[in-house]
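Please find the structures below.
Same chain, two partners: chain A is paired with chain B first, then with chain C.
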Partner chain A sequence: MERVPYAKGLLETASQTEYNKDGVIQRFLKNRLAVGGMIIMVLFAVIAVFAPQIAPHSFEVQDLNNVFAPPSSQHWFGTDNFGRDVFSRVVYGARISLIIGLISVGIGCSVGTIAGITAAWWGSAVDRVIMSIVDIMQSIPGLLLAVSLSAAMGPGLVNAMIAVGVSSIPIYARIVRASVLDVRGLDFIDAAIVSGAGPLRIIRRHILPNILAPIVIQASAGMAGAILTAASLSFIGLGVQPPAAEWGSMISAGRAYIQNAWWIVTFPGMAIMLTVCALNLLGDGLRDALDPKEK
Partner chain B sequence: MKKLKILALILAATTVLTACSSTQPQKSEASSSGSEVSATSTVTKNARDQLVVAIANEPGSLDPQNVGVVSAYQVQEQMFNTLVERDEEGNFLPSLAESWEQIDDTTIRFKLRQDVLFHNGEKMTAEDVRYSIQRATEIPLSASIFKGFDGEATAVVDDYTVDVKTKEPFAGALSYLATTRGSIVSKKAAEEKGLDGFGLEPIGTGPFKLSKWESGDRIILEKFDDYWGDKATYKTLIARIIPDASVRSMELESGGVDFLFDTNPADYDRIKNNPNLVTEVGTSFTHELWLLSMTAEEFSDIKVRKAMSLALDIPAIVKTVWGELGVPADSVFSDKVYGHVSIGPIKQDVEEAKKLLAEAGYPNGFSTEITFGESAVTQAALEIAQQMWAAVGINVTITPLDQATYKDNNAAGITRFGRSNFTTSTGDPDHALANWQSGYKGALNANDAHIDELMAKGRAESDDAKRKEIYKELQEYCWNSYYSIPVVFSKVSYAYTNKITNFEFASTQQPNLSQIIFSE
Partner chain C sequence: MSQAILTVEHLSHVYNRYTAKPLKAVDDLSFHIEEGETFGLVGESGCGKSTTGKAILQLQKPTHGDIQLRGKSIFNLKTKEQKAAYRKSIQMIFQDPYSSLNPKLTVENIVGESMEVFSLVKNREEKREKITELLELVGLEKSYIDRYPHEFSGGQRQRIGIARALAVTPELIVCDEPISSLDVSVQAQIVNLLKELQSIKKLSYLFIAHDLSMVKYISRRIGVMYRGKLVELATSEELYENPLHPYTKSLLSTIPVPEPLVERKRQAIAYTPQTWEGRNLELREVSADHFVLCDESGGY
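Here is the complex of A and B:
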């Protein structure tokens, strides 16, 4: 597999660069699955932002006289074991899941990028130390690392985001380091060094823009993983705590009733599946569009 | 190619989900034989030679004096005998002891059976009994329950006579001796194997002996052919360790196990309506209280404690979570326990609760955290309570811990707000209220001299009416102190396949399973 090319397009002539930029959007729009994924994600984002307006009921008010009501016009997705409206909970759950996805990807991405750039730019001892740490982290499976971190820090939304974020640092660090190493040896960096630019300026102005594509691709696919990991944490009781509506914990709480009330687990399960699917399709589409040579 | 793969994935996922949603509980087809089979007439012929039961936890030990979990008691009941047995009406029946008499205030003399063999072939003598009683007063896990007995002074009179001593006059002594902690163990085996070794290879006198313990999976018991009493009616008893309550239910429905000691409330209706299964429900010795520690400053004011109680609609919580398998607690111990009086249940009064909080200096409420040993049922009840507390301004965080951590926290005295789910296997109120006493390592830490005083009085009183009067006063005092929030008396709910007959119901949740008959 060829690694170098992300930056190459930008190095060629101005006209070619223009052509490539247009190509990205065109290529992306041609990919129907990717567009479908994006539409679904936009939809979820709208639902998350306008959750209070969309949800017909409160996500936490219990109605003990109306437990296990099957889906109806009153409660589209039925009610759960406490008589709470499952549809409203799924809607609010979109909020939590997207926040977790965004913030934990933010944590993993920013820390990983800094670590990767530092390792690649300064090299030698710094590189060895950072990459050893990354190797150690990567030797533990991501979910296991997140579970251990959550168990150590205690359950809760914030800790879950940190745990998921930290467990995804190694992958970003690796990708960024590899891309920086590719870009570093190119002529325009030498030109910048010769003209007296400091390392921070070179990194900010010349390196970061050129390694953005792989980071964006990883982030969109990583968000799917992050949402799934967070849901898994909540499922085993280490993530978001009740009464908050979180898809993973809804499935966990509802699984005891699966034989009597299928709707409690099915709808949050479908929400997770849709989001993760959509994000993966979006990620694939972005990769194909940004990096046509990889096909 | 990639797109195709993704499409296939979506299709597969959808199919799985749809399949899940439409699956009906599977029913085995062997139900046609009906109930006219008369297997009971020929006791010697049993249609099957093994019974499979499910227990909820893997015990760390099967040593009757060195364990504290219900799952262990349920297995031990099949492997050990006690001096006396307590029947459903609370009468004491002879078991290893043929007869007994109270020879003075603190001494009971037991005449033992002379034909009892241990699983290792040794004869049981008075020395084994003396050793077992002394052991129960010395090993910490049973010493907390057997503290009323005087192990040192308990003495062998002759080979088959033993004098069991109590430190003070002790009205409940026989009840304690009838629990699994009062089981008689082989002195020789216990001394040879040591405490840990004996826990894994216990030697008793019961109808079954331990055959194999497959850690994490099952405990296999085998019929003891030289048993002194009614011999087991089948060869093998397998106790499968299945922690998840809904999985236990499914195993029963699919035939993976034959018998459950308790039915998951969420699955009860389905199991009850399944024609291939039988459920037997009855009042139990179990009570669940949520405990406010007197070491936490926010609970030192009775107004705050009372507000915590008044905020809750206990009957609604119990109905939603336990359904038919629980009744709202109307006292601090179950109505099956000796001397129980009905006081409650708590009546919800949100306005009064808010007023009390304001008077106590919390006009805007406060925040606290409840910790407890993991239990899906308690967690569900707490999630409802959490909403009710929030309505009066009390913000309660729910934190389930694993059982061991919770017990450690209690021992270290750092639990502020906890939970006690307690089975008074003796049926004696002194046992039921054990954790209200000063010095008990629990979540309550009442340290209330009046409670200690009344408990001492009740323990020593031998007159029936007077003893009941003392416990009435004690229950009312405990109730009105609001040290605890009495929640539920859960019911015993056995469930088993309809091929089983001759099951003898026990409200202790520890039935003797040796006489079960299988029909075809």
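Here is the complex of A and C:
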């Protein structure tokens, strides 16, 4: 066996400390793809917030004298079958898609986290009941569950968000439950009990901060899925209703004209692809930065 | 040194109780800890010593038996005050200095947790002042208060754990193998620190360990556990000079002697377990304060 000089051991400890201090942000910034994803998402967020200022035309005013106009300096992405400016509709669509993404992830994440923590912390019967419900929900494919939920509740933006959010609860519940079970076995939880902390304090101060990384990772990747599912719902007519501009419903409405007016479906499609891709890259980057051991 | 601070009576703990293969981790265990003394509990892994420690801290509810703190059972504390008083009286030091500190909290929040829970301090300044005192008491610099656990070595982390246990000024500290995951050079430092704290703070310790080498320097009385039972209980000197039970002899024979010529001639004594089924085994007092598990005829 090779002998390690004492000083070398010291140096290693020092550099390890340095690495830890370096921290999450530095590690994230070193990942170019993830930074690219983040820049695209920031761009989309800016577009969504300032949609009225950015869009050159209204998203719903029809100009029947100018239908199916190809992309030009007047209409960058062309016009659709009612003569509406496709670029403006894509810009406004960013609003709806991001809102759907955020709120449905919010619903899935918060309900899933509460369910997961409850199941893992109180265990036995509570665990079995909650995880059985999760199992039942998971046995139905996510998209099918979202379709059935929004079919039952009726079409519309709010119902679509609820449907997408509810269909993503199981994955969060599972991830959170597994993470809590991991953390729960560690000695510092026992130490907190010995220090007199009650269950709520232990969950808030000792468990939540230690399971945040997997939740954040899942939320960023899950948002891509949520936007995609919402677009699919709109595509089959269950999500956002016309004349509201939503990427999925724009593709649905424009697909009949794809042979002579490719721009109506192509640009919203690219917008979906870009967002989903950016969010996935962001999610991957966050996972690598928050959880270096997972590599 | 006569009043018992903690009494464990007929403690039993069975794991997997309702399955085909129940496991008796602790089997009818009784002992007491006197005020100001260190009671060493020694045995191999799986003999139930940690389970006993956890039962004393109510981290696990035992299947049978009673534990009394100053004559009052800890299992029927009714009021909030009684429960708080119990928590403040008994604290714990953990075996693994890495998993026993929450990586997301600073030293201030780790050591100060119980102070907050029991409202022992009026404001943050007072809390920080008390924590600084504790850090100095356990031999850490006061500037460490805002650091995170990953910035410390194993020995330093163990000192933080000790400071956390002292935050509520307890009377009894359960030390669950506090030195077995540390470097040998650091082990001695921690043992000396514990001894020093004992004389300053008038503490009693339940010192759990898996070998006898370090325990004899800190314990006044030692209980040797095997298969969930105490097989021998005596004062530290008596146990080393006059071990009776073959299991104790075997344990003692594994401690190396710091003298090469002697050490080379020594041989480890293997212990062949005897059947305990159907025999009237009891802890019997063979000489003053020396108990050993044996049957009527003195067979082990």
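Throughout what follows, the second predicted complex is superposed on the first by the 275 of 295 C-alpha atoms of A that agree within 3 Å, B and C clash if a C-alpha of one lies under 4 Å from a C-alpha of the other, contacts with A are read in each partner's own complex, and residues count from 1 in each chain.
By our rule, contacts are C-beta pairs under 8 Å (C-beta built on N, C-alpha and C of every residue); 3 or more make two chains touch, one makes a residue touch a chain.
Just so it is clear, the model here is predicted, and its values are computed rather than measured.
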item: Clash or fit, chain B versus chain C on superposed chain A; value: fit
item: Chain B versus chain C as contact partner of A:R205, first or second or both or neither; value: second
item: Touched partner set for A:S139, first chain B, second chain C, both or neither; value: neither
item: Touched partner set for A:D187, first chain B, second chain C, both or neither; value: second
item: Touching partner for A:Q53 - first (chain B), second (chain C), both, neither; value: neither
item: Contacts of A:S73 with chain B and chain C, given as first, second, both or neither; value: neither
item: Residue contacts with chain A in the superposition, chain B compared against chain C; value: B
item: Chain B versus chain C as contact partner of A:S124, first or second or both or neither; value: neither
item: Minimal inter-chain CA distance - chain C and chain B, angstrom; value: 31
item: Chain A positions touched by chain B in one structure and by chain C in the second; value: none
item: List of chain C residues in touch with chain A within their complex; value: 54, 57, 59, 84, 87-88, 90-92, 94-96, 99-105, 109, 113-114, 117-118, 150-151, 153, 161, 164, 167-168
item: Of chain A, residues touching chain C in the complex; value: 13, 17, 20, 186-188, 190-198, 201, 205-206, 209-210
item: Chain B contact footprint on chain A (complex, rising order); value: 33, 60-62, 64, 67, 81-82, 155, 237, 241-243, 253, 255-260, 262-263, 265-266, 269-270, 273, 277, 280-281, 284
item: For the chain B and chain A complex, residues of the former touching the latter; value: 2-3, 6, 9-10, 13, 17, 20-23, 25, 245-246, 250, 264, 266-267, 269-270, 316-317, 319-320, 376, 379-380, 383-384, 386-387, 397-400
